[in-house]
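Given below, in the form of structure tokens, are the structures.
In what follows, chain A forms one complex with chain B and a second complex with chain C.
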Partner chain A sequence: MEFYFGLAQIIGIHVILGLSAYVLMLTGQLSLAQAGFFAIGAYSAGILTVLFQFHIVPALIIASLVAGLFAFLIGFPALRVRGLMLVVATIAFSEVVRLFFFNLSWRKTIDGIEAGPDSTNGFREIRFFAANGWEPYQVTLFVWLFVALVMFLIWWSDRARSGAVLRAVGEDELAAHSVGINITAVKVAAMTAGGMIAGIGGALYAHTATYVDHLTFTILLGTFAIAYPILGGLRSVFGTLLAVVLIQGVLVEGLRALGDWRNILFGVIIILTMNLKPGGLFDTQTVQALRKGLAFRDKGAPNA
Partner chain B sequence: MLRVENLVTAYGKIKALRGVTLEAREGEVTCLLGPNGAGKTTTMFSIAGILRPTSGDITLDGESLRGLGAARVVGKGVALVPENRLVFPQMTVSDNLHAGAFSRRDDRKRQRDMEKIYQRFPVLRERSRQPAGTLSGGEQQMLAIARALMARPRILLMDEPSIGLAPIIVAEIFRIIAEINREGVSILLVEQNARMALKFAHRLYLIQQGEITFSGTPDELGQDEVIQRSYLGG
Partner chain C sequence: MEDFWIEAIELTQSVIDGLLFGSTYALIGIGFTLIFGAMHKLNMTYAAASIAGAYVGLVVFVFFSAHPLLVFAVSSLASGLIGLLVYLICFRFIPVNNHLAALMATVGALFFIDEVIIHITNASPLAFPALFGAASFDLGAVWIRGDLLFVFAASVASTAALLYVLYRTRLGLATRAVSQQNVAAQLCGIDVHRTNATTFVVAGLLGGIAGAMTAASVGVLSPLLTLPITVKGLIVTVVGGLGSIPGAIIAGLMVGAAENVFLYLRGVNERDIYVLLLLFVFLVFRPNGIFGKSINRD
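So, the complex of A and B:
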């Protein structure tokens, strides 16, 4: 059972990570900075609960705001470039963040034990959940509470004007400009929101894993962040959820017997999706097929 | 109503506009005519707030629009229909129209305006749930115009509405432009299609290499021999 709770937590955290990239991808921007924001969230929240003995909730909120602040600050220079150059710029950012934590040493003695980020040795001792007697199911619920919150907020704003504005910028910047959308403001807002979301994900990650080091936050993590929305499609937040379940649940855990061969499968799935279903697995076609299927069942039910 | 005075706009060091002065009068169709690369689109982008001019001024009824940025320029009543009918291809026709009203907050009036638009463009009503990318070229141009109208503009900036369209569709688009104009919306039109421009415009400007080289009525332009030869093939 423990194992499944752990898996559910990982899936939840990766959904949050994927959605942080999803928001930005709605505006047509591909960012690999999500790993950096995730790292900032992880370390900030860990430092707050361990060194300053904060409760997890305020620590999580502050971590999210810190990551959001960095996203806002790098949003202006980063979004002056686009496409491949933005990818390069955001990779550079993530690496700067990673190397900062690689060097960061901030040790304090808390309750007789020395704790805090210890540069290359990583940041151990992030034991808020265990220290406060949280059961695995409680931790899992806590993680999914935030997953639900983030998914709901994005889903809800997508139905309102703000979602349409993001998508308008993503579809055609010049057209968006000519209907009077402030492109820079929209992009920076999306970057900031993405940073805040990734910060929440990082904060949750640090506390479920109880241990982080710089190697957690490499380019691979940033690649996963954008792979989920690419695989799931940008039609709906449920696409990202589906993609994470598929990759983390089925591919990484379900096929564990295959060992490192799974990585090849991961690449193959991405390539196949881009060629066969460029709109993602959860695109308009899929949704229509699902709707039809449901409608058919509804009609069939009274007779059965 | 809309005055552009001594406008200079540069891309880096290259000046695309070298002191453009023109005026679009209330209730009229004003046409800016000129060859490729003369600065027509740059003029439109500068007025719409998409590009920032280096010097000069743009005023709407005496109030400066320069440096306001696209969002606020639309709010002042200046809407642009960009070249090549840039619609949002994956959004539905109806969402495209809503996008045109992003700068407005009066939701109830917006519904009424949608209804008016659908009356003017029945084909858009038929296709309202369809992604805009699936429309024909002419329909997309109508959608781009309709989207700009959703901002309730006092003056409509139209960048080459005839480009890439079949002659019969071009005639239809110009009929619509004339109709919109008769209902009180002033129009500043950029064209390469001189014949159409001469037929519909009240006032013409000729732009060459970033400078206005002629201004006058269509009759006056028609009499100018050089222009006759280079633009009308006569």
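So, the complex of A and C:
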């Protein structure tokens, strides 16, 4: 049972990570900086609960704000460039963050034990949940509370004007600009929102894993973050959820019997999906097929 | 005063080693730039394919104890073949205007190649042969490593060959036509798919040489090399200016030299931070790179 709670926590955290990339991708930009914001969230929240004895909730909020602040600051120079240049700029950012934590050492003695980030040895003492006697199911509920909150906020703003603005910039920047949308403001806002969401994900990750080090936050994590929305399709947040369940649940955990081979299978599945369904698994076609199959009457959903 | 001179000599030595090793970055950067120029898409598999090519070369070395020159040639050919396969599975059948899908497919291929290498070699680094490893040229205070000099010479030769193909042959003419104006090239009777496939093969040939050279100058071949080379190659491409071959050459040498200088000044843990910050300086003050045109910004 413990194992399934652990798996549910991983899936929840990766949904948050994927959604943080999803927001910026609606504006047509691809950012590999999510691993960096995730790392900032993880380390800030860990430092707050371990070194300053904060409760998890304020630590989460502060970590999210810190990651958001960095996303905002990095947004201005980074979003001057687009496409490939942005990919490279964000890879560089996230590597700088990783190397910063690789070199960061901040040890303090708390309750008789030395704790804190210890450069290459990682940050080992993030035991808030265990120290306060949280049961695994409570931790899982806590994680999924934030997953639900983030999913609802994005789903809701996607249906409101803000979603239309983001998608307008993504479809055609020039057209969006000519109807009076401030492109830079929209992109930086999306980057900041993505950074805040990734910060929450990182903070949750640090506390469920109890141990983080720089190797967790490589470019690989950033690629996973963009892989979920692309595989799931940008039509709706549920596509991202589906992709995370598929990759983390089925591939990484479900096929353990295959040993090393499942990682090879992972690459093959990505390539096949992109060739057969370039718009993602949860694209308009799939949704229509589902609607027909379930005989679900469409009552004028705005983006059907 | 004496300390100062020792310091200055050490620094010069770092710059020389860095410049020579930077020629492999230049080759990888040229490959990225070529593919980007042809398709306006990013091929994330490129560096992994180069390393995979070097592994095929290593097979020839281990099982037939071939001469290092033959090892380099086999690496190059294998990487060219992998380039063709990558084009077929990641670009050929995905809609042209869907940049995300193609990018993601190349990431999938990157995972695939990486995992196959890890699976076959158990992720342990393997020794790679170098040419003139023992030789060195004394230039008074500083000296030049023989193997690095060979790496540099091979990079220069392959770049020269590439420039000849691009600017003196019909194949190069077609490649340049497709990269400048896709539709117009098609109207002139150029088969775009075939030209793109050829570009991938040519880029792959270069990448295989770069992969083998990197392994030869590091001394070992390991799957851990793929990500750093991908990152360095992308940095070189951006700093040099997208689609610019001279830019990629200069940026490659620059990144190689800068990396070694920071290695000497700040140690191995902090080296890459400064190289990446250098990239940010370029993005802020010269977003189009050294030679990039502003049209090529996307």
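As a working rule, the second predicted complex is superposed on the first by the 295 of 304 C-alpha atoms of A that agree within 3 Å, B and C clash if a C-alpha of one lies under 4 Å from a C-alpha of the other, contacts with A are read in each partner's own complex, and residues count from 1 in each chain.
Assume a contact is a pair of C-beta atoms (placed from the backbone, for glycine too) under 8 Å apart; a residue touches a chain by one contact, two chains touch by 3 or more.
Not measured: the values here are computed from a predicted model.
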Is A:A130 contacted by the first partner chain B, the second partner chain C, both or neither? neither
When the two structures are overlaid on chain A, which partner does A:L149 contact: first (chain B), second (chain C), both, or neither? neither
After the superposition on A, what does A:L258 contact: first (chain B), second (chain C), both or neither? neither
Looking at A:L290, would you say it contacts chain B, chain C, both, or neither? Reply first, second, both or neither. neither
In this superposed model, does chain C or chain B come into contact with more residues of chain A? C
Using the superposition on chain A described above, determine whether A:L215 touches chain B (first), chain C (second), both, or neither. neither
Could you look at A:V250 and tell me whether it touches chain B, chain C, both or neither (first, second, both, neither)? neither
Touching A:I91 in the superposition: chain B (first), chain C (second), both, neither? second
Residue set of chain B touching chain A in the complex reads 48, 50, 69-75, 79-82, 86-91, 95, 98-100, 102-103, 147-148, 151
Residue set of chain C touching chain A in the complex reads 36, 42, 89-90, 93-95, 98-105, 107-113, 115-116, 118-119, 227, 230-231, 234-235, 237-238, 242, 269-270, 272-273, 276-277, 279-280, 283-284, 287, 297-298
Which residues of chain A touch chain B in their complex? 161, 164-165, 167-168, 171-172, 174-182
Using the touch definition from the top, list the residues of chain A that touch chain C in their complex. 25, 30, 77-78, 80-85, 87-89, 91-93, 95-96, 99-100, 102-103, 119-120, 218-220, 223, 226-227, 230-231, 260-261, 263-264, 266-271, 274-275, 278-279
